[in-house]
Every structure is written in C-alpha cells, then in structure tokens.
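Common to both upcoming complexes is chain A, partnered first by chain B, then by chain C.
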Partner chain A sequence: MTLVEVDYLPHPLKHPLKAVVLGTQAPVGGKELALLPILRYGCYNDHTMKLSREEVLHIALLARLGLTEAELDRFMEQLSHILENFEVLQQVDTTDVPPTAQSIPLQNVTKDDEVAASLPPGQILANAPRKEKEYFRVKAVLE
Partner chain B sequence: MNYETIIGLEVHAQLLTKSKMFCRCSTDYASAPPNTHVCPVCLGMPGVLPTINQQAVEFTVMTALALNCTISDYTRFDRKNYPYPDLMKGYQISQSYAPFGHHGWLTIEANGEKKRVGIDNVHLEEDVAKLIHRTSPGGESYSLVDVNRAGVPLMEIVGEPDLRSPEEARQYLMKLRSILQYLGVSTANMEEGSFRCDANISIRPQDSTDLLAKVEVKNMNSFKAVYRALEYEAERQRKRAAEGKKLAQETRGWVEERGITVAQRSKEYAHDYRYFPEPDLAPLVLNREWVEAIRSKLPELPEARRDRFVAEYNLPLYDANLLTSSILMADYFEACMRGAPQKSAKPVANWIIGEFSRLLNATNTGINDSKVGPVALFDLVQLIHEGSISSTSGKSVLEEMFHTGKSADDIIKAQGLSQISDTEAIEREVMAVIRNNAQAVADYKAGKKQSLKFLVGQVMRATRGRANPTVVNELLEKKLEEG
Partner chain C sequence: MIINQLTIHEAHEQLKARQLSSVELTKACLERINQTEPKVHALVTVTDELALKQAQKADQLIARGNTHPLTGIPVIIKDNMCTKGIPTTCSSKMLQNFIPPYDATVVEKLNNCGAVIMGKANMDEFAMGSSTEHSAFFPTHNPWDPSRVPGGSSGGSAVAVAADETIYALGSDTGGSIRQPAGFCSVTGMKPTYGRVSRYGLVAFASSLDQIGPLTKDVADCAIVLNAIAGFDNRDSTSVPEPTPDYTQYLTADLSGLVIGVPKEYFVQGMQKEVETAMQAAINRLEELGAKVDWEVSLPSTPYALAAYYIIAPSEASANLARYDGVKYGFSFTDTDSMWEALEKTRQFGFGDEVKRRIMLGTHALSAGYYDAWYLKAQKVRTLIRREFDQAFEKYDVLVTPTSPTVPFKIGEKLDDPLQMYLSDVCTLPINIAGLPAISIPAGFGNGLPIGMQIIGKPFSEETILKVAYAYEQATEWHKRKPQV
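And then the complex of A and B:
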C-alpha cells in the first residue's frame, strides 16, 4: 500500500484543506473495500487516531452500510489501525517535497471529441440486480 | 423595516460536444432509447479509466474568457462523493479547488443602467443519470435509471450574490444564455434541460451586511419560473421577517402549478461531499499561449454585435438589443440585410421584432425552422416599403408566407392584395363611405375630429385593407371640407 500525504494546493478562492489520500488501495474486499474510499478523506483532527463509535457509524452511513454490533467493534479497531499507520507517515519530513495528488507525473492527458460505439443494450443491463424494461430499477431515494 | 434582496445564481450548462466528458459515448441522447449511450466508463464499472474531453476543456476556457475570468494556469478535477442513484460511481467528477476560470463578470442592464455582476468561477463536471420516480401497484416507490445523460460535459457558472431583484436575475440569465449561444458551446435551452439554474436568495435589513438565512431554490425549469420563484421567495422571506418569525437556512423547491416554494426534505449529511483530487485524471497545465490563441478566436459577443448594429445599420439601441439577444435572430437579420441599403435596416428590424417574432412565438417555431427565409422576408418588406401593398395587408401576407412558404409576390397576386394608390378608385370608395355614414360625417363637421378615423376605417374595410391609407386620409379630409 502506498500512502501519500497531501496538502491541497492553496487556491485563491478556497481555503487550503489538509487531507490524507490513499495512493493505491489495499487489496481488501467486502465492507472494508467500501469503507476505504471514505478514509481517503481525512476529517479526523483528533490527536489520538482512535476512532470513536460515532465516527465509525458516520462513515458507515456515508457508505450506506448497515453494521452489526460485532462489525462495528471490528471496524472501529481496524479503521483506527489504518489511521495509526498514517500517524507514522505524518512523521516524515516533507518540507521540500512539493505536494501532489498523483503517483505518476503526468499532465494534460486528453482525448479528441470523437464518438465510438457504446455497449450493446443487452450487456448494459446484464449485471443489474433489478431492471424494468430497458431501465435499471433502484429503491426510491428521497432527495 | 426595509429589506434588500440578495440573489446569487448557479447555472449548469451542457456543452455541445459530440462525445461525453470522460468516454466516447455519444452525447446525442435526446431522442435515443434509454440506456443505449452507455459504456463501462459512464456506467462506473470497476477498473475503468476516464479521459478528459479536450473539446469540453476548450469550450469551458472560451466561456471563462468571455465572462472576463482569470484562467487558471493549473487546473484539475476532484471527486465529489454523494450517495444518490443518479451517480453510477457513487461520486461525480467535478472541480472544487482549481476551477478553469475565476473572478469574472458580465454586465446586465438594470433600471436603464449598466451593472456588473461577478462570476465566482467557471468549472467543468459531468452530468448525472436521469431518474424516473414510480410507484408499484403494491405501493412501493422506486426509481428507474437511464444512464444516457450520465457523463455529458456539464459546465457550472457560479455567480456572485450581486443580484438585487428577480428582474436582475432574469437579465443575468438571459445575458448568460445569449453569451453561451454566441460562443456555440451550449444550446442553453432551459426547457430542454441543457441550461439549468439554482438560486440562492436571502434578505437583509437595508444598510446592513447581515444576511438573514440563505435559502436555496431549485426546480425552476424556465426563465419565467426563475422570475416567479424568486419573486415569491423574496416576498415569503419578508413576510416571515415582518412577523418576527425565524427564517430557516434550507433548500426549497419551486412548485410551478401552485406558484409557491416548499421546503425540501434535507439530505442527511448533504454537504459531506468529501472532495479530493481525482486520482484517475492527470491535472491540466494551461499554457498561456494556448489560452491567448483561444481568446483571439472568440467570436463577436452580444454586446459587441449590438454596438455594431447601432453603428453599421443605424438602428436604435432598443432594436439592436432585441435583435442581438439571440444569435439566430441576429444572423437572420444580417442575412436579410445582405446587399441591402442601410435605410432598409429599420423596417426589416421592425418586421423581425414585431410580426415575424409574434408568429414564431405563437407557433413555437425556431427562426431557422420557419418557412420564411431571410430573402423572402426582405422581399416582403421591400414591397411594403415601395407601397405595393399596405402594411396591414403585409401582416396577412406574412402570415400566409409563414404557413405556406409561398413568396410574397405570389400571395399578393393570388389574393389581389396590391395596394390601391390610384386616386380615382379610392375616391369612389370615399364618396360611398361619406354617403353611407351620415352620422359620422355630421359628427366630423360638428368638430368631432376622431370621426375621421372611423371613416378611414370604413374605406379600408371596403377595399379590404388595400387602399393606401395616406391617400385615403387626404381624400376624405378634402371631400369632407368640400361637402
């Protein structure tokens, strides 16, 4: 797992924001995988990296995951452990390292505005858990 | 207490690219069956990589330049996370920290004065899927998802809260639409959804800087709806404040049929978007020379064209403003005027702004889809100008041209509409009218001068509008004096 600390570039319009980004995702599955992208955003200003019950529940809500009590305990520990690793990384002196959000120094990668074939209709809905006619069908979510 | 209204608008415009923002699916989904312009990228399949559409970047930079923005040297995309089924990936690729352009402005005319309205920033993102809400026979509510629209380039123009009335907001929107259409970057059609507007509106006591609660209004699908919603909302806030009630900071939806705004159920943690730099896209470094090359290629914009119309065609500012507010109408006018003398400009403008626009609006026809081409319209205006037909007949001829596509000449011949300027012929009608309208004649002689209008009307009626009104007037007056 490559971990990178990022200071967002200050922009004239917005305040600079400190955040922690996972450069590459660890090969994990299931609910852990769903929770990881949320940890990419660091809102945990606490000095100790121990996550509270409420924080884990908040993260689970953002990922739209329902957790059992046992899972809540397990993730509280595992996610806290991940954050502890960031604490180690925080100790690295990055004074002279320019901030980046990339692991490869590329820029200006674009495509021409040309149309190519889309997927055949049968394939588009092939993985849909529920469908109705040519639509994906999902539970109602109130705005 | 007197309150001031503070309005800021956020406008989303779909860009006129052929392919989507980050994949090569076609953006031409308007008449396509659902879920046909979809690929693994816009479907958000695991492992796919987006690529930035160069044309969308150019369109956004063009817009930012036209809106007097500073163009960022360095720009990049960010992920905006939120769990809603119109996002296939669970996030939208947008821009939060380094938009393409910032600190711009556009000018509107408010109460006869020019006013500069600030543009906070212009940035680029992707459109989302379309949801259709349904209820099953068993009472379960669910949504159907059409992904065709997901990934269409969407440019957001964030305005400063510089607007002080619904009318200023309307002016701002019309100006912005006009600029986008001139640039050719968007169809900017509100009814079709390629141009959308959310408004932030609040009130504050006069001479104070303390805003009362900021209310976001959504769901406005036409210019008229924006105007009505803002008018309603400003009034609602004033009433509440006058009653001493607290105003909630909330999102409200405009309900067109009822003409009111209603509080929307707020999304839990609605603003926990957790923006972070999009790791799948490399940043863009915008070369100064490239930006300047785009600037030099910007087309003539509405204000410049309006000023040129005033100078080149000697049109009143009012006419020039109306003609140039739509690029299609301005182009049509100039096509009419190709090779024509400058003195034709005013009558041509009158017919385009007046009767022709009325017919277009009444039938909801685009100026380019009409059966009356610029040359045909110019010919009609010429015939009226030369006195071949009267202005009144001109209206019915134009209507016939509009519905059948026939030329003015053919219609005039077929219907025998040529104007009668022949004094003898008109004199016969004048004498008949004087004979048959003794009361009006007596009134006129008794000093009731407006009776003349009635008598002129009778002659025009008898000649089915073909008599030259100037000649009719002169003859009637002469005959009445004599008799």
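And then the complex of A and C:
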C-alpha cells in the first residue's frame, strides 16, 4: 500500500481538504464500471452541486451498485437536482453547534457476557443463496 | 353491524361477552380482503390458514378467561417486520424469498397477547417512499379514490385499516411513514418516541430515525396497541428503559389547562387551501375543548429539516443496506466467476430505483471530501431542530400541525420527480429528526379526500398526545366515515 499526497481543487463548500489516497482501488471485476482512483476530489464542476458522470460512477463504485448507461444518466440528473436544492443547508449558521447522531440520552449500552440460546446453523443457512455443509458459499475472493 | 368494521375495543367487548368469536371476526376480515384486495392491493402476503389457527387458539384462550384486549383480534403487519416462517419481503426483489427464522419483538409481543396475524402489508421498498408506488411488486391504491396514492411507506398498513380488511395494523415510521399514510387514508397512526418500541426484527432503514407504531381505527385502539408493543427490550440497544404507563388511562375529553402551540413554519408554501382551512377549524375545535392555543410559535430551522433529513436518512440507509451482498440471504446474482461483479449485479437487479437513489445520495454524503459539508452539517442542523423543539416544549404541552401539506396525490404524479415526492413528508420528518412522538388523526376532508392533523409531544409523552387526539376525536365524526370500496 502506497501513501500518495494529492492536491485538490478548491472545495465548493469552502472546507479545506487534506487527505491521502491509500493505494489504488480494490479490484473490480464488472465490465460496466471503469477503473477509478479511490479519491477524486478534483472532479468538481465549477463550484456547483451538480454531479459529473465520473462522480456518479465513483459513488456507484463505493456503493458497489452496478448501473446501466440509462440509470447513470438518470441518476446524474436527479441526484444533482436534489443536491442543488439541499444547498440551503450551507446557509445555516452551525458555529459551535455539536452534531447529533441520535436523539436519546443513551450511551455505550452493553450487555452482560452471558451464554444464551442462538439459532441453529440450519436455520441461519436456510435463506443462503449458496451454501456448502455449514458454510455460506462465496465466489473466490483471491484470484 | 359489519363485523370487520369493529374497533379493537368494540370487538374485544363482544369477544369477552362471547357474542362473537375470533374465528368469526377473522373470517369476516378474510372475506373483506378477498373482496377489496383486487381494488386496493394493500397486502403482499395473506396468511389465512395461520390466521384461522390463531383465531381458534384465541377462542380457547378467551373461553379460559383470557381478557387481554388484543386476544383474538386480527392484525396486519408491515412487511419489514420479521415474522418467523412467514415471508418478509420489504416489498423488494432483494428479499422476495426471505423467510425470517425469528420474530421481531413487536410480533412476539402481539403473539403473546393471542393476536391473529392475517398477513403482511405492501410498502415502499425498504420503507423508502411516500406513496407505496416504490413497492417492487405493485402500487397500493387509496380506498377513498383508487386513482390516488395511499401515502407511504406504510401505505399497505393504512389501507388495510381504512378498508376494514383488518381491525388494526403495525407500520414503521422513519420520516412520516406511519403518519402521512394515516392522514391520507383517514385512520389514526402514531410514531412513538424513538426508543419507546423495540426495533429488534425491524429491517433497518435509517437506524437513528426508524420507529414502529400502530395504525388503528380510533385513538382508544392506538393506546391499546401502544400498551402492547411499548417497552424496554435488551435486544435493541436503542430501546429506552423508561417506564411505560397504561396509555388507555389518559383518554379524557377535557383539555382545560392544556397549552397548544401551532408552529407557523408548518403552514408552508404550496400547502393546499383545503388543508389549511381544515387545520384552522380543527385547532379552533381544540380551543373550544378547553385548550389554550398559541398560533404564533416559531421553529425557525424547520425549512432546513427536509434537506437535513434527506442527507441523514440516506446516509444511514447506505450503511444499513450494505448488508445485501447476495451471500447470507436475499437475491443473489450468480452467473459470473467474479466476486465483485456478483456483488454489483446482485445490488443492481435486487434494488429498485428509489433505493438506489438513496444509497447513492447517502454514499456521496458520507464519502471522503463530502462528509463535513453534507453529513456533519446535516447532523449539526439536526441539533438545532431538536433544540428548538425542546425550547418550544418548555412553553407548550403539544404542538399541532397538518400531517401533510396536501391531500392524497394522483398515482404516478410524483414518481419521476423524487424531490417533489420528498416534499410530501415535509411536516412529518422534523419529528423523526428530533426523535419525538407524534400522532396523525382524521381532521377533515377536502373534495372528499382525507386530511390529517398531526399532534407532536415531548419525548416519552405519548399519553399527552393521545389525550389531545382522543378529546378531538370524541368531539368530531371524521374517524367514523368509511370509504366506498
């Protein structure tokens, strides 16, 4: 794994960006998705919230979501439209406002480490698309 | 008397007095399902054999003196709550053949009460939508006008109740998914406080916002169902160990001494005139019932709630739905040797458009370089929204708003414009952001189409919103109107 310093174009939301790219991306087998670098801040479109085709492909890659050409075009337009409308968020003054991740005053809920009944392997595997003995069967991870 | 039109408390009285059996009640509902389903398409699965077995068992329990108010009463469960041995599809191709090996806590609790489970309700895929048009199987139709949507995502649950296919139903609410369809179908629907009802066995959409709640024919029934499903559960680490009162004890018709706030930001641009008129009349009614009403409450961050919600909920969804990899359960694309291609195509073919849109929106908001600008910013706005509610609740016992700015819209009308669809939840989603309890009750009609009133309370004050809802309901007749199906 190589650490590569990357220079970025100015961020549209005026957040200074400093990051490193951790190596190149994981292998992609699908023919639909072009090979892309993991981080690609440099593809902003002139300070708008519009997403480029490359950005939509990048998001799809991160989400491991295969897309057809038609879906790509449609999502590019729809997501850009949505994000442009959500730009209003940037008008809110949130100086010194902490983030809220959830709304209830619970923290670090733990359970006692007690042995309890669990489902038998047969029931766990009953919905598995592919199985072998008591295991989920998957495609080869290493080539 | 039409048996399947009974409320829980009416049916319970008759079951207890042995004037009616659970089998008779269940058969009446199943007949109604056969009659109305071709028109409304509210259900994904009908478990008629199981229901009749459970009804027979319930009749035996009642004969032995069991008097729980839900014993022998038919219920429909939204298809995102796990039911052991019964398909739980989330109205998605991804889970079309998924049969859970366990019951959700709420299902377990209903079963322990001797409930009769009649089937699973259609929904927007993975609860993402406001019209039930995003079901991968079929859209559900509004019984008040079949050319219109029933709301969503718990559209199937709301329609099953409104069309009297069932006595009550369970739904889930992440941004309005119980309340908005309840409003659109003229039934009662409550989203309890976040943490009040266990989410164990509820298929996760947005974990900090999701909450299960009842859809019923009146407010008393809502209290009965909440009694049965609320409470701490150590299998859900976000379940709160607060005591749960007997909610049925708070149903009184007098509102004197109560202070109600009307937040002006909820009377938004684009609100239909008939909704505004109905709301003014409804709030006047609350005043006549003894409440003091302040019409000038301001929650200034409200206009930012929609954007904050549609960053936070999709972000959480993108993480939650990463589990659908075609390995452990669900749809699996296998016609390839490549693990990555299998993964991408499993998700490409298994998820519908709205789910893909939200996964992508959330993935983007959480991705390196965008996290601070979108996700963190939305979380900070979430803090402001919650603070404003907290401040308002120092002065007011409840806040009252419309449930939705419009009456039910036409099927297909908003399908190609996701943002317009999102706006349908503009009055309900701030409540999920703040984790508050809220109820929608029937509050009028505009051109024959239902209008809902939303009553919002402070955390863990379900009894107060039930009290206000009950007083209004007892003074009005809206909840007694039935659609012609």
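Assume the second predicted complex is superposed on the first by the 89 of 143 C-alpha atoms of A that agree within 3 Å, B and C clash if a C-alpha of one lies under 4 Å from a C-alpha of the other, contacts with A are read in each partner's own complex, and residues count from 1 in each chain.
Throughout what follows, a contact is a pair of C-beta atoms (placed from the backbone, for glycine too) under 8 Å apart; a residue touches a chain by one contact, two chains touch by 3 or more.
Note that the coordinates shown come from a computational prediction; the quantities given were computed from them, not determined experimentally.
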| item | value |
| --- | --- |
| Which of chain B and chain C A:P129 touches, first, second, both or neither | second |
| Touched chain A residues, chain B compared with chain C | C |
| Partner chain(s) touched by A:A101 [first = chain B, second = chain C, both, neither] | both |
| First (chain B), second (chain C), both or neither touched by A:R64 | both |
| First, second, both or neither for A:V138, with chain B first and chain C second | both |
| First, second, both or neither for A:F75, with chain B first and chain C second | second |
| Which of chain B and chain C A:S118 touches, first, second, both or neither | first |
| Which superposed partner A:V109 touches (first chain B, second chain C, both, neither) | both |
| Contacts on chain A seen with chain B and repeated with chain C across the two complexes | 8, 11-13, 17, 19, 41, 58, 62-64, 101-102, 104, 106, 109, 111, 119, 124, 136, 138-141 |
| Of all residues in chain A, those that touch chain C in their complex | 8, 11-13, 15, 17, 19, 26-33, 39, 41, 51, 55-56, 58-60, 62-68, 71, 75, 78-79, 81-83, 85-86, 88-92, 94, 97-104, 106, 109, 111, 119, 123-124, 126-130, 136, 138-141 |
| Touch list for chain B against partner chain A, complex | 17-19, 24-26, 33-40, 43, 51-57, 74, 76, 81, 83-85, 96-99, 102-103, 120-121, 132-133, 140-147, 264-265, 267-269, 272, 274-277, 279, 281-285 |
| Chain A-touching residues of chain C, taken from the complex the two chains share | 97-99, 101-102, 194-195, 208, 234, 237-238, 240, 301, 303-304, 307-308, 310-311, 318, 322, 325-332, 334, 336-345, 347-348, 351, 353, 356-357, 359-361, 363-364, 367-369, 372-374, 376-384, 386, 418-419, 422, 433-436, 459 |
| Residues of chain A touching chain B in the complex | 6, 8-9, 11-14, 17, 19, 21, 23, 37-38, 40-41, 43, 58, 61-64, 101-102, 104, 106-116, 118-119, 121, 124-125, 132-143 |
